[in-house]
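Listed below are the structures to be examined.
Each of the two complexes below includes chain A, the first together with chain B, the second together with chain C.
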Partner chain A sequence: MSQYQVKAGPEAYLPPAAASMGIVLPDPGEAHIEGKIVSEDKAYEHCAKKLLEAKVPTIFPGPLVLWKWNEKAAQKAAAVRRLAEILPARIIPMADYRPKYPKIDPEVEINPNHPNLTIWHSNIDVGLFVGVHCHQANLALKIIRGGTNCYTLAMCAQAGHEDACLSFRDATVEKIDKLTATIERLKKEGVKSQAEPFTQFKMDRTGRVD
Partner chain B sequence: MSKEKISICEDLADVMPPEYHTLVENATYGNGERGWKDIGSSKELIEQHSLCAGCPEALAFRYVMASIPNPEDTVFVGSTGCTSLVFPHVAIQNIHSLFGNQNAVASGLVRTLRRRFPDKKKDVIVLAGDGATVDIGLDCTMQSFFRQENITTICFDNELYANTGGQESGLMQKGFVAKMAPVGKTFEKVRLPEIAREAGCHYVACLTVSKPNRVEKAIKNAVLVAREVGPTYIQLYTPCILEIGKQSMEGLDEMKDAESIGGRFVMKEYISDEAKKLLDSVEAERKAKKKAAKAAKK
Partner chain C sequence: MNKTVDGNRRIIASQHVKIGQKNRKDQTYTDPNKFFFETEGKAQFLTGSEVIKEAIRLASVGTSVAYPITPQSEAAALIGELFAEGYLDEYFRGESEFAVMGQCAGAAFGGHRVFTTTAGPGTLRAIENFPMWAGARLPIQVCVTCRGINSPLSIQPDTLEMHYLLETGMMVWHAETAQDLFDYILKGFIVAEQPDVHLPIAVCCDGFFVTHTKDTVVLPPTDICLPPYDPYKSPVPAMDMECPPVRMMRDPFVMKSNYISYATHASWQQEVRGAMERSRKHAIALLDGLVDIENGDQEVLFVTSGTAVSQSREAIRLLEKDGIKVGLVKIKTVRPFPTEEIREATKHAKHIFVPEFNMAGWMGREIKAILPDNERVVTAPHVAGGMTMPSEVIVEQVKTTLGIAFEPLAQRG
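Then we have the complex of A and B:
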């Protein structure tokens, strides 16, 4: 049997859990690309290239980096911002996991229960998740692989995600910064960002202020 | 959890949706005097609800969330049912347990929290429907009372299994015919408040949610007693308007009828001697504080 590959979709209405197709998680110091275990260094290169060649590269920060649980969370948030700025990439938050009624505004937020809406709305072709709890990330990643053509990248702080097209594990501030540095280096070497021009939205308690 | 943690990372604050900004700026975390009167003037800890329009459970949720004394250090344990649809919208830590297991999960949780944070006041509150509390979970509910666990158990009593379409529950009144219980209940409503008292609960209250001040007092008493003395039980009548054939606007009248003289939900309260002593001292302390504040103002 040929090995299953965790590719960008649309794969099926309900794609299989990658784990059920034989995809295993990387060990410390490793990552996976489309289900194949690779060294972390290889994953930085691949991840950076994917983000640079995207038309609508987007970072989806989750509650673990949006809320200031501790100083480390705040430092991770700053690292995420640096990453977004160097690319450049949009930031669209996954602030919590509730099914919002009547529906989310897909331009400014993403929800694990129907992440495809946000991805369809802005034609997001490459998305990086960071700070999303495992169970919600797994749900969102499968829905995205099922119904969209978005290439998913997971900067996971735990053991990694089989259902992402690329996953790091044990994410730290240093790892996010290393990804940023890789992008910076590639840019210096002449790789140009293919991102379409955009303006990052801004929010306060009254709503959008951009 | 502490109220300091309820803040947004500065570097990403400008992408957060507005409701989180208001939660940080205008909620009542850390305010010892919080209560139902904050509703309308501060950010509630419940964002939206996914219940039927006019469902009294939604009202009950608002009052309960506004009344708990220590939201930043409270964990709710819920169970399957209409109540569980609301928890994803609540800005308080919560755990969804397997149907009926809620008091067992809460027992483990409160013991662990007390070991892990010996110098903090952590409250564990079970909030579940009557089916979960009195039927399928009765064993776990009662055992937690017997073992004198430091938890508050709140039962949203709508006298049937609402979420699954109207099956008979132990708290249903005798003779009631529901959509999925066509024969009619053949035995009396289980008297859980009395059973809870006999099983060792130190504070028990049974009431409707028609009057927010009453709900606030009962919730505060129950949580404080559970924290310091032992298990407490609150039963709130939250009629399922859908199952009893009422309109969205009629839930309040239904509760008022049920609590009038001779009704099933005339308010009752049992307080053990130990709990009474505690509540009296808390009240005396509160009054003294208020007096001192008044004097300081002058």
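Then we have the complex of A and C:
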């Protein structure tokens, strides 16, 4: 069995891909926490606690939920919004994967090629990826693990991400809503969000509008 | 590994919206688990080239691009017949192997399942495209019918070209027989297209020995076929000119000189290799393990791949007549390399022989690199340039190493 654990960084100048360290992705019905295979139910609990404990909990929605390319995407986007509101968590989009030069605006966007800039800028301690294509998600998750102390969570619609500290697989609207419900329950039980106060920025085609 | 992966002979993510529907050739798109594990086959007597054709008949391939080079030309031509019969959407001849592989990339970017064949110098002419396929996460399949690549030119069997494929980021599987070739082509598509893998695959066989000899092969009925490729499972956006990987073709951001780009590039390569690692789980399920082991408890073992396995089997029979018991480890996937499986299989062996059909002995080096006490590994015998490897030559190598007297084959006239 692999001894490697997928912990929050900063891990190394160039950390290894977790898959190359023997971390195998969960099968349907499973998730992983720091490389250990667990039941989905356990992962909901751990994920909810991590988000509630965070000072700067942040959701990074990718193009697969940001753009209404089908009805499911729109429903998933609405579920992501419900999740952000219940926490509360700020939303910083990964709207596409274009390399941005000379550099991105790290306050309002995250890019898979240099996601660490956004993490550093806002001191993000827990980040959840949803709707990001798998290759770009793994790229970003590994760079984040390498150079930041952000604890990464992945709500993956396909096979999951071993480069995240926690990953679900086969994510659906129902699974996102189940995470939201878990957070709601914990809050009712007295767990308080540790999130620092923030104002969610708003943008349109011309840029920031708030 | 953080969890046990065994050959449970089921594969994940086998659902496709078209399963159960019929294609234009009246074939039913069939769940891969049902296709591979629950379908009765029928024995036929075919050449390897004909087997390639029969595999593609059932593979729901969209595009195949051909270019002539021995010994794959016949297979490429037979796939043309399938196109004429309506089994493929696109089939044409490229301008060279380099062009062929670029055209395959275009078709794969567009969402087609893509198959091509090449061999020898053609593989080397094409090779720049293979890391590009892997980096762009294109699950293209190339069947490599291995032959000589050196000058003086030889069209005969030689597996040296496989060595050049090992670090391209492609999966590399090596068929021993025509049956393997048939199975690996079809199963290769399914593993390559898993969303967590999504890499190109080279299914290799030894030219002529497999392609041009007839063998008994069990084939499923022709009224079923694999479900088509599902581009929505791709881990990268399809054909987005603004985003990598397509944008790399027109704006190579990774070449720009700053630390972030280098880190991105390095992480990108790590992710491709990570995807290769993920293929293990799926390949183990479909191939029933990355290696086959026969009498693995023996102190003398043959560990090899391709038709060197077949020659080793006969050598085992000859050695047994002399009272020397030898086991066999057949390597099915060279990338990913079955490191743990070989370590486990050879842990009690005192002598490990690696017969190979190439001058470099690259398989021997691969095995030496992963084993403790690797002085146990005898990287011999080697033949090259189209020579056969008589089983007696393998027997002689074993007896020489063990210090057993014998009459050399070369003295027999």
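To be clear about the criterion, the second predicted complex is superposed on the first by the 208 of 210 C-alpha atoms of A that agree within 3 Å, B and C clash if a C-alpha of one lies under 4 Å from a C-alpha of the other, contacts with A are read in each partner's own complex, and residues count from 1 in each chain.
Heads up, the rule we're going with is that contacts are C-beta pairs under 8 Å (C-beta built on N, C-alpha and C of every residue); 3 or more make two chains touch, one makes a residue touch a chain.
This one's a predicted model, so the numbers in the text were calculated from it and none came from an experiment.
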| item | value |
| --- | --- |
| Combined model on chain A where chain B meets chain C, clash or fit | clash |
| Touching partner for A:A12 - first (chain B), second (chain C), both, neither | neither |
| First, second, both or neither for A:Y97, with chain B first and chain C second | both |
| Touching partner for A:F201 - first (chain B), second (chain C), both, neither | first |
| More chain A residues in contact [chain B versus chain C] | C |
| First, second, both or neither for A:V65, with chain B first and chain C second | first |
| Contacts on chain A seen with chain B and repeated with chain C across the two complexes | 96-99, 101 |
| Chain A-touching residues of chain B, taken from the complex the two chains share | 5-12, 14-18, 20-22, 25, 47-48, 50, 88-89 |
| Partner chain A, residues of chain C touching it in the complex | 1-3, 5, 12-13, 137, 194-196, 198, 233-237, 240, 242-244, 247, 251, 253, 256, 260-261, 263-264, 266-268, 270-271, 273-275, 277-278, 281 |
| Chain B contact footprint on chain A (complex, rising order) | 61, 65-70, 73-74, 76-78, 80-81, 91-93, 95-101, 108-109, 200-207 |
| Partner chain C, residues of chain A touching it in the complex | 1-2, 4, 14, 16-20, 22-25, 27-28, 32, 35-37, 63, 96-99, 101, 112-114, 117, 133-136, 138-139, 142-143, 146, 158-160, 162-163 |
